[in-house]
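Quick heads-up: structures coming right below.
Shared between the two complexes below is subunit A, which has subunit B as its partner in the first and subunit C in the second.
Up next, the complex of A and B:
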């Protein structure tokens, strides 16, 4: 399993989108991968996004199962620190704790963090 | 062991290209091999031949160029990351009708698939830079 860690907010740079591209790159070559949203990366998962000048990331995430990427993990502590509620996130996200995210990283074949 | 190196950050605003170079030297010196060096996100600025740092400063572009020449390394810049940032070869300059090209010798543009392929052929993938 390749784990791609999303740490950056969605629209203050292109990093979130470039990070997602790595996941898609692995997926199109039939390599399993999961996305782990940590720190400010959790902002990417908000369901209500209406960017005016960049692509809507949340819509991209909804299409990920078509690429064979079924696992989107969001760290609970990162949400709590930002006062975000799980209900505000897009569907299909698995909320995991700090210990589980550590385990996910430890078990990964490769980890990519922009 | 065979390794793929991934560089996410630029020279000048980060130490990633320098640290990756130091790692590559040590790695090769101990008998290991490098499958490919992949420059992604701001790391692609390493490939810009138009950079001209003062002589007494670390010149990431030149150092990596010489390293590639000495050890026959495959230095690949992600093509979409590079085009976004203005690092462009003659072929892409023609294709997008741009008046300049600045990709240095020893570097080439390639797709993200080349990162994936390289990591699959490698025992280790080692990343440098970014995440702050």
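Up next, the complex of A and C:
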């Protein structure tokens, strides 16, 4: 399993968008991958995003199952540290604890971070 | 799968804390740059410190000193590596 770790907030840089492109690249090549949102990366998952000029990440994430990417993981501790509620996130995100995210990284054959 | 976790940000920063929290038993944590200021790291795996970066900062790191040859060896010894920044 390839794991793409997202630790950056959206829109202030291209890092979130580029990470999404990596995921789509895997999908095109029929490679399985999971997205793991940690730290400030959890901001990318807010359902109510409406950027005026950049691509709407939430909409892209919601469309990932169509590309065969079903595994979006978000760490509970990162949400809590930022006062975010699970209900504020887009649908289909699996909330996991610190121990589970650590295990996900340990089990991954390849890990990508930008 | 073993992993080499590299970190170069100051102890206490989110990236540093994330790196330390991610280290498993057979993993290695490599302190580079500002991370060489760290002196009380508690994590499961081995800890190395880039000697050149520590020396540049006047830091006497309590962790195993690594030069660039060690860095290459560490990269080869592990299945994957993550740069936490």
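Here is the rule we use: the second predicted complex is superposed on the first by the 114 of 114 C-alpha atoms of A that agree within 3 Å, B and C clash if a C-alpha of one lies under 4 Å from a C-alpha of the other, contacts with A are read in each partner's own complex, and residues count from 1 in each chain.
By our rule, a contact is a pair of C-beta atoms (placed from the backbone, for glycine too) under 8 Å apart; a residue touches a chain by one contact, two chains touch by 3 or more.
On a predicted model such as this, the values are computed, not experimentally measured, just so you know.
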{"item": "Which of subunit B and subunit C A:40 touches, first, second, both or neither", "value": "second"}
{"item": "Contacts of A:110 with subunit B and subunit C, given as first, second, both or neither", "value": "both"}
{"item": "Subunit B versus subunit C as contact partner of A:26, first or second or both or neither", "value": "first"}
{"item": "First, second, both or neither for A:7, with subunit B first and subunit C second", "value": "both"}
{"item": "Touching partner for A:18 - first (subunit B), second (subunit C), both, neither", "value": "first"}
{"item": "Which superposed partner A:98 touches (first subunit B, second subunit C, both, neither)", "value": "second"}
{"item": "Subunit A positions touched by subunit B in one structure and by subunit C in the second", "value": "5, 7, 110-111, 113"}
{"item": "Parts of subunit B lying in touch with subunit A, wherever the complex brings them together", "value": "6, 8, 40-41, 80-81, 84, 111-113, 115-117, 119-120, 125, 127, 130-131"}
{"item": "List of subunit C residues in touch with subunit A within their complex", "value": "1, 3, 14-15, 18, 21-22, 24, 27, 79-80, 82-85"}
{"item": "Subunit A - residues contacting subunit B, complex", "value": "5, 7, 14-15, 18, 21-22, 24-26, 28-29, 31, 110-114"}
{"item": "Residues of subunit A defined as touching subunit C within the complex", "value": "5, 7, 38-40, 98, 102, 105-111, 113"}
